[in-house]
Amino acid sequence: MTVAVALLCVVALLSLAVAALAIGRSPAATPIVYGGCIAVSSVALLSGLSQLLGGAAPASIALPLGLPWIGAHFRIDALSAFFLIVVDLGAAGASLYALGYGRHEQAPQRVLPFYPAFLAGMNLVVLADDAFSFLVSWEFMSLSSWALVMAHHRVGDNARAGYVYLVMASFGTLMLLLAFGLLAGPDGGYAFADIRAAHPSAVLAALAFCLTLLGAGSKAGLVPLHVWLPLAHPAAPSHVSALMSGVMTKVAVYGFVRIVFDLLGAPSWWWSMVVLALAGISSVLGVLHALMQSDLKRLLAYSTVENIGIIFVGLGLSLAFETHGMAWAAALAFTAAMLHVFNHSLFKSLLFFGAGAVLTATGERNMERLGGLIQRMPQTAFAFLVGCAAISALPPLNGFASEWLTFQAILLSPQLPSWGLKFLVPAVGALLALSAALAAACFVRAFGISFLGRARSAAAKMAHEVDRWSLTAMSCCAALCLAAGIVPGLFIDALAPAVQGLIGTRMPTQVNVDWLSIVPIAESRSSYNGLLVFLFMVISGTLAAFAIHRLASDRLRRAPAWDCGYPDASPVTQYSASGFAQPIRRVFGTAAFGAREQVEMPAPGEQRPARLTVTLHDPIWDALYAPIAAGIMLAAERLNRLQFLTIRQFLSLVFAALVILLLVLALWP
Amino acid sequence: MAVIADTAVQGAQMLLVLLLAPLLTGFVRKVKARLLRRRGPSVIQPYRDLVRLMRKEVVLAENASWLFRVIPYLVFAATWVAASLVPTFRTGLQFSWSADLIAIIALLGSARFFLALAGLDVGTSFGGIGASREVMIASLAEPAMIMIVFTLALIAGSTQLSTMAGFMVSPVVGLRVSLALALLGLIMVAIAENARIPVDNPATHLELTMVHEAMVLEYSGRHLALIELSASLKLLLYISLLACLFVPWGMAGAGANPGALALGVVACIGKLAAGGFLLAVFETAIAKMRVFRVPEFLGAALMLGLLATLLRFVSGSL
Amino acid sequence: MSFDPMAAILLIPAAAAGCLALMPGYRLTARLNVLAALATFLTALSLLFSRPQPGPYLQVDDLNIVFIVLTTFIGFTTSVFSASYIGHELDTGRLTPTFLRFYHAMYQVLMFAMNLALVANNIGVMWVAIELATLTTVLMVGIYRTHEALEAAWKYFILGSVGIALALFGTILIYMAATPVIGEGTDAMVWTILTAHASEFEPALLNVAFVFLLLGYGTKVGLAPLHAWLPDAHAEGPTPISAVLSGLLLNVALYALLRFKMLLAANPQALAPGPLMVTTGLVSLVFAAFMLYRRRDIKRMFAYSSIEHMGIIAFAFGMGGPLANFAGLLHMTMHSLTKSAIFFAVGHVAQVKGTQRIADMGGLTETNPVLGWGLVLGVVAIAGLPPLGIFTSEFLVVTSTFARAPWLAVILVFGLLVGLAALFLRLNTIAFGEPRGPTAKAEASYVPMFAHLALVLIAGIYMPPALVLWFQNVAKLLG
Amino acid sequence: MRGLTFDVAHLLAGTLVLVSFLELYQDRLSALLNMFALHAFVLALSVAWQAYAQHAPHLFVTAAIALVFKAIIIPVALHRIIMRLGIHREIEKVVGVGPAMLLGMGLVALSMVVMLRVTTEADPLAREDLAFALSVVLLGLLMMVTRRNAVSQVVGFMSLENGLVLAATGAKGMPLVVEISVAFSILIALIVIGIFLFRIRERFDSVDLQALDRFRGERR
């Protein structure tokens, strides 16, 4: 039933796309398409919710599409239902936001047709139940998002971004293709049911695991496959960026979970180590790069890399626990990962909405030219602030809840017998803590530089609050962030069936713990109550305010900023984004991204200003991708000579081929 | 009945930390002055300062935003909640389970987050300096703290402060390498977090080296009062944290009789005094380091924490 | 006498060629051309339902019916396209009416030759037909009389003749192998009889024969290193001819190869033809993928992509087995449709921009949205991205291979990825970025292009069970 | 009688191979053309003999074509062309005579090995003929790739094709032989005409005097 509804929603989305193709240029198209998307995705959302909360048995449908002798199988179980919710919640939010944001689109006919298609693709991936339809929807998702990235192909090097994105996406798809080729076996049992039934040998499973890690990892943006992400996500229109960063990466996580936890069967001991190592590196590298960006949307994209790292830490831990038969711990770690999936989809969408709002208000993405926006767009500023607090894992918001759970999972890991893990897990824990702290720094910078202080450019001075739709979308996301932060127990219970389905067990039920606090293992061991913390802060804050205003003075006088008595001339003298990041760049820079500073000091008496230039580059690009590209280009160059031979030379090629083959025949036993 | 008692104790704890915090600051200042052969201000001077600041009108920069005015209350609330959840004179507080040690650190983290924003709000260069240095310090101090928490949690098998304290008094603990490392690391972090010498100088102004003071430079009146108060609350929090983790003796257990409670309070005050005294001595003995040496200092703390955790992971007995 | 569709698909083009050679005026001739092609297509369709008995010279069976229908269909759509294309050529004066007449006549002759090669039940007739097709295309490639065109035509001519000579030698050897079993005379050249007795033939002779046939017809298929004529012939000839070359002539040659492969496969002692085809296929794929990077001429680029796909198809058939053969057939069909659609698009692009240099065209989706997006869709399809048909076949090829010979599949995937990267690198300059070059409106009929792409799209999503069953039978036939 | 047939056919085929070697040996165009005329003439003889031996009168047509067209018309025409182009003296090879000869030997050996592996079930006459035909074909191809000059390349192609005709006629009762030889004659005629039209003096791939190098695909 639910799966049918979901599929109907997909069909509706696709027909919306076709309709958009027809009416794309007319001004009425924007509200129609986005309105339709809201309606459809909320229906899909409801179906997902009913499946997950209703605790219905997995339902599946087989359609006579795709490969005829297999057909297209679609199935919805708890896991797909959960991800369906994530996808469609994000989709509904983005569409709502786009109702307002989309009006400023210069070339709507380049966005409208692909947007519903993109949503449809993501929904299909989650629903697919055989290798073929999974891959088709997977690549369809990439393709439509590529088209959306190319929407503003004339701006900057967006075209290049799209190119890198498409190549990496196809790489991922081909890797998954190989993985499925392994799992399906020579007689082509592509249906997931068959793959589950056929238990692959250890070697086969290991190979498939690596391929899956490459395939899904490249889509999720796991280091070192992340290079496309910070290029492509900012290039798209902001509501699409929100979807790509907040939702599409989660679909990639779904792919990883579906294959590794569901299809591959029992994991072997070293998988978790690979995942954990990559995840830890991703989280730290991602946030460090985010700290160095001055482009607001690129900063957000890099922070997505970090959060994907956090999610994969959870997944890796649960793999480790599963390997050593500690199902309850595995359940805890997996729940942490899923909770973070949900949370990140919320606050990353929120932040991208905010960035988009700034973009519409000022036309600027560069933080160095922003500032003081809190004065002119207070509501946006507030929503953005909530997002920043959430993503920096500050209690009582939702980011903290999931990171707290992850830490709890790490604290369980000394009981693991494997020595490799004994050394790896603490290191990963340290990396995680480091990345959390750096994330806080990163978002202090993001919010402080672009919303606080004084306007650094005329555009920022002229900014104005954005439209109602966008604000509604943002405040909805903010509200959800708060809700998920103060009552995480409800959400943990909600996604318990998904955990149960994969791990075989689940975390203890949290609802009937008193005061709605969450207790992963035991009261005496650890517990956290977002609600109470929230209440305490509110009460003590208001108490203080009330007391002071009642008993002491509440007089207030506006005056120029003091600043130690220095008359502070122009806004240029405030701290800039790069200046703010300088201490941290000094600390980590040389190691993480070969940062180089050259100071060009004019000789005494010269008039020209001194100049400080900082060069950063991604070591992974230099070490991995540049050589590959160079190699391919070199090979192309060499082979290209064959284009310019004379006919005689071509004939001699034929002749050589003939003689060689004849020789083979002559020498054939 | 018990509930009411517990709630009362919890309330007492909240009030106690609130009242003791300025006193502790004053005490530290006094001791430092004495060590420097100065008479120094009286111990209750901080109370006077606070009251005067409360009374004064607030001079607000023209372009300060609403956030700038909200932040002092936020910071104060976060710090106070954190401080009142750390057991001082009695374990098993009413609401201690509502936030474990990790959550308490995160609460302090959010206080710092907003304080840094405040530094950036007015858009002056000093505020920027303070904020950017503060987040740099925090980005190293927090992980170090988390590592230390891991160590202790792994020893005590819990991140619940009451349980940890309860475990620490029990004889099974004994002397452990990892414990020593954790203690050292925690002290270093505490110094950094409270902006004390050698990381930062609480008494300094108009210096390019200052961090915490630079952030709050634009504050005045009641706002400044709240921030000062939360600073001393934080100091108290860390000292009592050290106390309840490493010298938990004398604390009253859950549901103890008033006598025990009184004893606990006395013990707590004694510990605070001792901690303050040691801090003062240390601060007078050492010189402030350059800002760009701070990462090395904190990096050392982080390494200590990581080492301790590793030891815990590798062997249960260390 | 009663209506014999098998003869009809030969007679209609022949007759049409005759008339077109005589008739003046391009509008009329173009219409007649379309008409004749349509008629041929319809007769071919009728073959689906009423299949005549194989005679000594002609036959229709499961295998070649696929090719016949495909050929006649694309022949028809291409004639529609060429009607709109040639008009423009006439306006710009690149072609004179006399040449145009010649062009249409040749077009039908080509159709005739290809149909003959397909329905031939006789290896000799098939050889003659393919030579005829070669000669016609040579003449049409050179039709613009520019230096480059003559150059290309000449190269094609020489290499083609050598290829044909080799193929003939192979054919003779087959006959020699057959005579001891079947006896002298025509019977020893008739497919139906040959395949029936293949198992008793002299294996060593068959091996030698296959080597020659592989090289001879392989030259026509454009497998590396015999491909040299292909890119230039595509680039310099009129675009409809490029479409027919890529979409059809390569298939016809491939069909001949397949026939002989079946012959060999039927003989247990003969060396397995599979590995040979697999090797040449992989070589062509990887080689063409790398060659794509340095192309500056848009038509030459897509010619190389044809080589790439021919490599994939040869690879698939070489792997053999029901799944791979099915994939090969599907891939061949999809490639013909897609590539001809791409060449339709490219032809209009070249007319709009007035050049074939990639560097001189840009931002096509801005200036001519329909054309631009059509081209993008075509490239997406040819790059093997879902939900278009080529993905289905590539999916089958890769997965079925990976289960049997992982390393081959890895090479295959590598080649695919390299080729895809190259294609989109160029597409970025052509379709996106700042508009470059003249931005006239294209007066063109997009019907054929989008018809093909629609078919490919549908095939990617839903394949009618009848078609699948049919393909599966053929796949079994190919062994 | 059987033996005689065999020997004569054998002899003629062998002569054809020998003449191919002679062609390979020539380094003057005019001399090369004469050699080719001889080549074609020997072919004609052998085809005629096959026609007689197999009692296949239609093969006489092929023989006639070979004699008239290849042994007389084409050489004459080519003589004209080279006279006009004034290239009847020089002839530049890629590899010298010695290596070319050695290569040729190798090729003949190769074709022998390949063909004689065919078990004796096949008609011996056919086998030997095939072996020689294959060597002629390979030698022709060798000539095409070792000569720069267009005319000599044509000659190479024609002797290659002679080998084909030899094989075709060697195959007993093979239908369509006549048609095939006709088809080939047309092909060659076209090539010769092409050379004549485009005034190709140096190489095949230089369609015009000044178009030596410029138009081979896209320039670098």
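General observations
Should a chain be cited, it is by its letter among A, B, C and D, assigned in written order, with residues numbered from 1 in that chain.
The working rule: a contact is a pair of C-beta atoms (placed from the backbone, for glycine too) under 8 Å apart; a residue touches a chain by one contact, two chains touch by 3 or more.
Since this is a predicted model, take the numbers as computed values, not measurements.
Traced through touching neighbours, the fewest hops from chain B to chain C number 2. Across A-D and A-B, the chain pair carrying more C-beta contacts is A-B. Compared with chain D, the chain whose C-alpha mean position is the greatest distance off is B. Computed from the mean C-alpha positions, the centre of chain A lies at a distance of 69 Å from the centre of chain D. Centroids of chain A and chain B (each the mean of its C-alpha atoms) stand 35 Å apart.
For this pair, chain A with chain C, the centres built from the Cα atoms lie 44 Å apart. Chain centres here are Cα means. That of chain C falls 31 Å from that of chain D.
Taken residue by residue, chain C touches two or more other chains at 154-155, 158, 162, 204, 208, 231, whereas all remaining positions touch fewer.
In chain D, the residues touching two or more other chains are 114, 117, 141, 144, 204-205, 216-218.
Not a single residue in chain B touches at least two other chains.
Those chain pairs judged to touch are A-B, A-C, A-D, C-D. Contacts from chain D toward chain A in the complex involve residues 94, 107, 110-111, 113-114, 117, 138, 141-142, 144-145, 147-148, 153, 203-205, 216-218, 220.
In the complex of the two chains, the chain A residues touching chain D come out as 640, 643-644, 646-648, 651-652, 654-655, 658-659, 662-663, 665-666. Those residues of chain C that touch chain A in the complex are listed here as 154-155, 158-159, 162-163, 166, 204, 207-208, 211-212, 214-215, 219, 225-226, 228-229, 231, 271, 276, 287, 290-294, 323, 363, 365-366, 369, 380, 383, 385-387, 391-392, 395-396, 398-404, 406, 409-410, 413, 416-418, 420-422, 424-425, 428, 432-434, 460-463, 465, 468.
Contacts from chain D toward chain C in the complex involve residues 114-115, 117-119, 121-123, 126, 130, 133-134, 137, 141, 144, 157, 160-161, 163-164, 167-168, 171-176, 179-180, 183-184, 187, 190-191, 194, 198, 204-205, 207-208, 211, 214-218. Put simply, chain B touches chain A in their complex at residues 54-67, 73-74, 76-78, 80-81, 95, 97-100, 102-103, 106-107, 109-110, 112-113, 116-117, 119-129, 131-133, 135-136, 138-143, 146-147, 150, 153-154, 157-160, 163, 205-206, 217-218, 221-222, 225-226, 291-292, 295, 302, 305-306, 309-310, 312-314, 316.
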